[in-house]
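I've put the structures underneath this note.
Both complexes below contain subunit A, partnered by subunit B and then by subunit C.
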Partner chain A sequence: MAIPDTSHYCLLTTAYSLTMLENFSFRTIVEYLPLFGQGLVTTVWLSLLSFAGALAVGIVLAAMNLQRGWLFRVPAKAYIDAVRATPLLAQLYFLYFGLPRLGIILPELVVGILALSLNSGAYVAEIIRAGILSIPRGQVEAGVASGMTYVQRMRLVILPQAFKVTIPPLLGQAIVLVKDSALLSLIAVAELTRAGQLLASDRFMPAEGFVTIAAFYLLLYYGLKGLAALSGRWLGLAGART
Partner chain B sequence: MTSNRSKNGAGMIEFRGVNKWFGALNVLKDITLSVEPREVVVVCGPSGSGKSTLIRCINGLETIRDGDLVVDGQRLGDPATNMTRLRTEIGFVFQSFNLYPHKTALENVTLAPIHVRKIPRAEAEKAGRELLAKVGLADKVNAYPAQLSGGQQQRVAIARCLGMRPKIMLFDEPTSALDPEMISEVLDVMVAVAEEGMTMMVVTHEMGFARKVAQRVVFMDAGAIVESGTPEEFFSHPKTDRSRAFLSKILRH
Partner chain C sequence: MIWQQLQSLVGSYPLALRGLGMTVMLSLISLVLGTLIGFGLGILRTGGNRLVSGAIGAWVDLIRGTPFLVQIFLIFFILPEFGIELDAFTAGIIALTNLAACFICEIVVAGIRSVPTGQVEAALASGLSRWQRMRQVVLPQAMRIVLPPLVGQYVLLIKDSSVVSAIGLTDLTRVGWLVVQRVPNGLLVFFLVGVGYFIVCYPLILLARRLEQRMGAAHGEVQL
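Moving on to the complex of A and B:
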């Protein structure tokens, strides 16, 4: 009995998608292209800013987390856990609705960039920490034995080596951040997803709207992946030296 | 800093009743040992006897719990002792070389002189090239560690220490990670350094090296110095059962 039902559904959905494709309005997409273009540009630069923020947050958190004493380490760990354990959407709303209550009124875009920086920063912190910890103990000892201070060791020995190992996972995190930035559409930031939503709601064309933004995200994804591959090749060359 | 000088401070390195624990393990037991300037002391003993720990205490890679350790007239753990400064006077050669993989041979040698000793780059590089030539690596100045054999890497590591113009050189089994055919090239460099009058403590089981340049061999077992004497005395007439057992083992190889 279940079998005819299923085939029935299959037929229905196939028919539905066929009509969808038939009615798929490329013209509307072209018409909305300037809007998508603006959304894309916004997504790109807000992601760049957020990633810069994430790097800053991540470096500070990683440095705190690498301290021996608990005074800095414990708050850093607690923050990282809190961010990783809760949904980004919850964090975004927490800032969006929470900050005004504290009397801090910020434009949506700023709240969005702040949320992405604070969120992504926790992941970046772990990437940086893992990169630093991946450097063999003997490197630290060689620096210590030659009379380098902690700062000199970090700057001359540890960070240049950790940098190489962290580039690929950092680019991975950048890809995640670009996709996460879609959530900012929910607080009315005019980024790429928002453009898709507008097309969907103004013209009742969700397929057109969301297929188009998917295509743009794919474009960004390949851009970043290409960058990762390039850096990988560069690091691969440098890696032969290690 | 006369107050900071040891009272009977003739020794370049002076252990007086030094004890160290790793948790419940008493790794160094009441160590008393004095190394004179220009003296070469070879430290040997079975695995886990505390040889590495002993020499790592000298430049503060390990800290001692009690007793006195005075290096170049400065007491370790004394607030008046600037440990980073003192370390610039002490070269340390590791078993696993620990060269900086992202730096060329020359950069490995000049990094600390430039940034720690604050020697002008050009001058440091000139000295670095000379040192690399001295250890037989004039043609490897721009090579990265991964492009060098183990023996070559260890020679760069020795040059890296010499670049700081240290008063003391410590070696922790510098040849035991090397293929047999590379051991002598490293030992030859060490002999040359010893013959220039460097104060050296060398953890090694290379008896040929000990006989050639060491004034003294110190035998450790289970964290204590069990025996100490000239290489001739130690290798030909070991006094204790433990040193005899140890020697028969390393001689069999």
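Moving on to the complex of A and C:
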């Protein structure tokens, strides 16, 4: 059954609920727009950095997890399970309050990026592992039969195919990461949510502050979602061609 | 010094238990409510009415597109402006239930869509009513697809309940935050907080994994 594209309803419902609030001050929002802009930019680039970090962590973990020997596999599995069974906020506080204890003093922003990378890395590792395991066994065997080395098989046979499968879920993880980055406002990183909190506390205008940042997050969400749909179509075509 | 800290931590034991209780209670209430509402929304969304379906889709998209922290702030700070006075606990329950309902709605929709049209047509031909079709034919088959991600969603819900500490509810994470002000050992305190969540979440993760395997196997049997 076809579901109609619903994004325009979103705007309508948002607009409607705004008219219900008396004294909703668009002027204050415009006044604070530079602050929101800065917050948005910070959220975008810290998410990009964290995603790059998550990819790095994820690739290493996935490689460890796919080994036959237990020496690498068991720690990787333990790490992934530990991250998946505990909330990001607790992990964030663990690093934020814990690192100084080890004599490592880092700016809040760096702690935040670190926490997001380490957290998302566990999920990315699972996505990559699933992608590699989705390659039919026959492909690997054909590679072996053709006399390819392990590295050649990985580079020429498995990874190009696994890459395609992993792109859509990776973009899904990117969406989760952008939303998770809102938690960094709780350790005073000046990102988008923090901008909303400032407006809420400085001017006692929580509605203006939080509705505006929600709109900005939706912008990022629809952008990434569009990208995911596009990549799916593009990869689908590429898949049909081979 | 470490001995002193441990003693101080042991002193925080009742507080930690209360925090864990709060986390479990928040999760449990919103889990039950969210599942009920989520199933309702999912069934309505796949039902014929385009307007209802579109409205639910839009709402689900709004919730999926914004951070949970922002949703909590919106509910906690803005509903009072409409004249609805909320304490932090009610606000937390509303936010968590809403979040769970939206994600479960999507899971249920995927499950219902996975049931072959022939099944529905056969039920129609047998003269089953709308409700009978849903309850006796579609939902039981959809459950195979729905169950594993549903349990996974419960894990996410328990983890997301940590975010309500931002509006001052003394859940497990908030307890950690309070204790760390007195016992300046973030590594130890939040390691213990993590253990608390792990004890609650890990069995559910294992259950989800097991269900996935079993449902996958059952699916294979049908195909054969």
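For the reader, a short list of remarks on this structure follows.
Methods note: the second predicted complex is superposed on the first by the 221 of 242 C-alpha atoms of A that agree within 3 Å, B and C clash if a C-alpha of one lies under 4 Å from a C-alpha of the other, contacts with A are read in each partner's own complex, and residues count from 1 in each chain.
Simple rule for what comes next: a residue touches a chain if its C-beta (ideal position, glycine included) is under 8 Å from a C-beta of that chain, and two chains touch if they have at least 3 such contacts.
Here the structure is a predicted model, which is why all the values come from computation and not from measurement.
Contact with subunit B, but none with subunit C, is seen for A:G147 once the two complexes are overlaid on the shared chain. Residue contacts after overlaying the shared chain place A:G138 against subunit B, while subunit C stays out of touching range.
Between subunit B and subunit C, it is C that contacts the larger number of residues in subunit A. Looking at the shared chain after the overlay, A:T28 reaches neither subunit B nor subunit C. In the superposition on chain A, A:Q38 makes contact with neither subunit B nor subunit C. Contacts of A:T193 after superposition: subunit C is touched, whereas subunit B is not reached.
By the touch criterion stated above, A:A82 is placed in contact with subunit C alone, subunit B being left untouched. In the superposed model, A:L156 lies in contact with subunit B only, and not with subunit C.
By the touch rule above, subunit C contacts subunit A in their complex via residues 45-46, 50, 53-55, 57-59, 61-62, 64-71, 73-74, 77-78, 81-82, 113, 155, 158-163, 165-166, 172-173, 176-177, 180, 184-187, 189-191, 193-194, 197-198, 201-202, 205. By the touch criterion given at the top, residues 1, 3-4, 6-7, 9-10, 13-14, 20-21, 81-82, 84-91, 93-94, 96-102, 179-183, 185-186, 193, 196-197, 200, 206-207, 210-211, 213-214, 217-218, 221-222, 225 of subunit A touch subunit C in their complex.
Every residue of subunit A that touches subunit B in the complex is listed here, in rising order: 136, 138-139, 141-142, 144-149, 152, 156-157, 160-161, 164, 238, 240-242. Residue ranges on subunit B touching subunit A, taken from their complex, read 59-61, 84-88, 90-92, 94, 96, 98-102, 111-112, 115-116, 144-147, 160-161, 164.
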